[in-house]
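I am attaching a structure below and will ask some questions about it afterwards.
We call the chains A, B, C and D, going by the order they appear; numbering starts again at 1 in every chain.
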């Protein structure tokens, strides 16, 4: 398939690369052009603007940091026309970014007005293992089937959660909330262990062996136990953004989420104290600081 | 070994049974005597009082509901002498109950004064699979070694967390807090899904497949999705007790635990609204009620 | 002065009336035209559109429910041109509504571009006593001086909090947060009193006599004690909106506000359970329900 | 009346002094004897032990720091017999300390067994103005009438809240919770003001002039605005104790109090970070630190 691909960050790059390897024709765009070089060597075209990446695409994929970045690329800025104006009628925009439910909803509606398709398809998984991602897709079921070869090339499987695109965004956001809840619970427990004279490392081993048996508990637990908050796999400031978006979705749905509120406040305190760029497992650090435990995050 | 065993509840009965099967001589006591019958048929002696169960024991095991129950059995009441007065010098009391750190500490000190040993050894695991428990032990290392044949008979393994017995109690309590955190996160997420038009069941499948890969997430998640809060595997009112004990340990250690506070308040609201006897997964129900979702817990 | 006045709700009507009584020439607009009748009889002109109210004004005052209402009136809708297009160059827009800091900021900037002045001037006080309001004003100091005769006609005094208009909005929002905090504290305390056998009414009398000595404590405390949540003086759903705007301002300023988060979640639960239209003192009801106390809000 | 008086701290000393001035015969006891000197010069007898202070008393008043201190004085320690053994039959113990409801209840029951009376009578007010205190009394109404001359000598008035002594303790604790709620709301609001460019001092002036009109808002607000946390009028660690006792009473009454939980966690964090000895208005400092605002509490 002819694919326009915008956003070559930590996640975008390996996804684009896997699409090329699976035989798709990619025209890629990234604000910092140098990030496109590797893909150029794999055979991708490199576009000079979002519009150019969209021009002849059957499918346009965006993988960007947040709502604002997606809106700039799709609707354009003072200096550049938006991709929506160049994307052919009948083409489909797949947004893989972790954006708000409201943004997903808006994209669905403007693309429909422009005679284009739209799928929200955020992913779970780590960039290192891009072929092992899981796709959470919502949108018109025919459009999703049409894009299946692309999803197959980059993931272990696709979960289709409905016709309304925003549902996929909500699932992705709530998934991140579930992880953040685990981080907060770890942070509080480890602080308790440390000040009660139990090795946090041993506590982690015990609860994961005897209770959770979960690789994600093991990996994140270890990050906190070893205070390895840098370099960030996923920045604390992005954790803040995602939990804020969860709370926005919850407000729309009229659902109180007090645990999400607490995590939000802890992330916000982390950013306020200067830790926005460390890993979001840094909830461990915030809890340690609140408990009067001295930690040195950057050693 | 000659073992006195007090407390034949959901957990106590299968543990006692496994000890007998492993060849140990048991004298069992339970307030409601009928619960001892099955063990009688397996070859146990049945005592008429806690003191009698302790009388000739090398090791006295208690598996009871809370601090108060343990204190009554060990220190006695107006009507019966406590086990501590009958337990031979040099014998060891193993407390497997989920009790407070303070109670664990106190037991250690009174037994030491009485020339007896003491180990805090609460367990993780489900009664159905009593031989697959995990033991968290703290106490004098020689005493723990002495009791190892007993631990081996009832568990997959022993984690030794220190010489101070209360440390084992804190680890057990914090483990339960980790589970309760998962329940709260589920409760909030499922309410969000329900009011956003996503099937909670599918959300559960997605996050456990793509993120947690944890049997405990699968089992508890299912309980909430299916609103199967009765019969209770572990009562909500016991969840309240355990989180309160976590907060007491946290106060002693000077560690703020805002997530534990929220869970405490939700459990307390559950008890106040009449749901103390449903499963602690009922945090799902409390969150649903707070979100204005009608649920019928007893169907 | 020639004043355009848009928004004749509970607060707008008495304010407009006081301006007329003080000798100012008013052209008023309200979506529901019937609300303008009383002012007509006092000598006001009645406009058919926001634009018409703005047309010949030296000062345009808006007193509306929220950001969206202000934006519609100022920027127009599909069916009507916005007031900003009709307001003469050099005229000043005074926004008295409780709007977000972001909205205040945006209005300042678009009016400046249009060669018009802008002041954020929300008020504290009850409609019954409109001449006893307090004005919180922020904007260009010369513009504020120019409008002083208007402020004097409707208030006991003006607090000028800076040149940046959004500051006045933040002060108003934080003031409402302070009140909501009192309501939440009352709600929790009264539930405790009720379930501990102390008359909430007596508790109120004691703490206000011995501690706070505050009319606002007396009035709101009484509302909760007497469960007089209807008719609403200020709706619970508006309380939710204001605390959400506080949290937005706090996110912008990177300030965690856990108490605001809790109140937000309680208001949201109130709306979810069907209590959006009762008075925001209904935090008392939400806390009573969470404590398992049966209350009947509409009797 | 013949009065034994135990506990000559900040509150005890001026109360005792006012009782003497009103013509009562006092025998006073304080652990640190030097604090009794001023009262000696006013005509008090000075006792060498709690028991001696109680010996010939018609009424025994205790004004001590916490449950433990009251229990030591009343029930004795290894080294000294308790006051309860020396207090004549028919005499009344008035506990003015801020103790737990459970402790109040227990004292009532043991004194009844000993043929003595018991009243819980904690006070609101500042030591500087000891004659302007307010007494919250609960107990047998005849006993309270009997003690009225004493209450009159030290207060502006007595609120009688029931026959069950613990009710007075709960009212006192909940009153302190109401104050702490105000402190927390101030702390969060001031941090928001500071980081939004509004003078906290002006915000305080505005909300107290336009909304609360309360001397306690003015005084405590000023403490936080001026960061005058030392010397402490009431220590942060005592605030922690009182909110913990509120939460204990709430658990007993099955009432969730999420705002009390948050304040508890903030006080606990304050103690953990080394601020246990500053004034409880230091909630302002904790919120400032969490918001990344540098403050220097000891200047």
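Here is the rule we go by: a contact is a pair of C-beta atoms (placed from the backbone, for glycine too) under 8 Å apart; a residue touches a chain by one contact, two chains touch by 3 or more.
Only a predicted model underlies this, so the values are computations on that prediction, with no experimental measurement involved.
Participant: Between B-D and B-C, name the chain pair that shares the greater number of C-beta pairs in contact.
Facilitator: When B-C is set beside B-D, the one with more contacts is B-D.
Participant: In terms of CA centroid distance, which chain is the most far removed from subunit D?
Facilitator: The chain lying farthest from subunit D is A.
Participant: Please work out the Cα centroid separation of subunit B and subunit C, and write it as a whole number of Å.
Facilitator: Going by mean C-alpha positions, subunit B sits 52 Å from subunit C.
Participant: Measuring centre to centre with CA averages, how many angstrom lie between subunit B and subunit D?
Facilitator: A distance of 38 Å separates the two centres.
Participant: Check each residue of subunit B and list the ones that touch at least two other chains.
Facilitator: Answer for subunit B, listing residues that touch two or more other chains: 250, 254-258, 262, 266, 269, 272, 290-292.
Participant: Can you name the residues of subunit A that touch subunit D in the complex?
Facilitator: For this pair, the touching residues of subunit A are 258, 269, 272-274, 290-292.
Participant: Could you please specify the touching residues of subunit B with respect to subunit D in the complex?
Facilitator: 244, 250-251, 254-258, 261-262, 264-266, 268-269, 271-272
Participant: Give every residue of subunit C touching subunit D within the complex, in rising order.
Facilitator: 101, 124-125, 134, 136, 157, 159, 161-162, 164, 167, 170-171, 174-175, 177-179, 181-182, 184-186, 188-189, 191-193, 195-199, 202-203, 205-207, 209-217, 246, 249-250, 252-260, 262, 266, 287, 290-292
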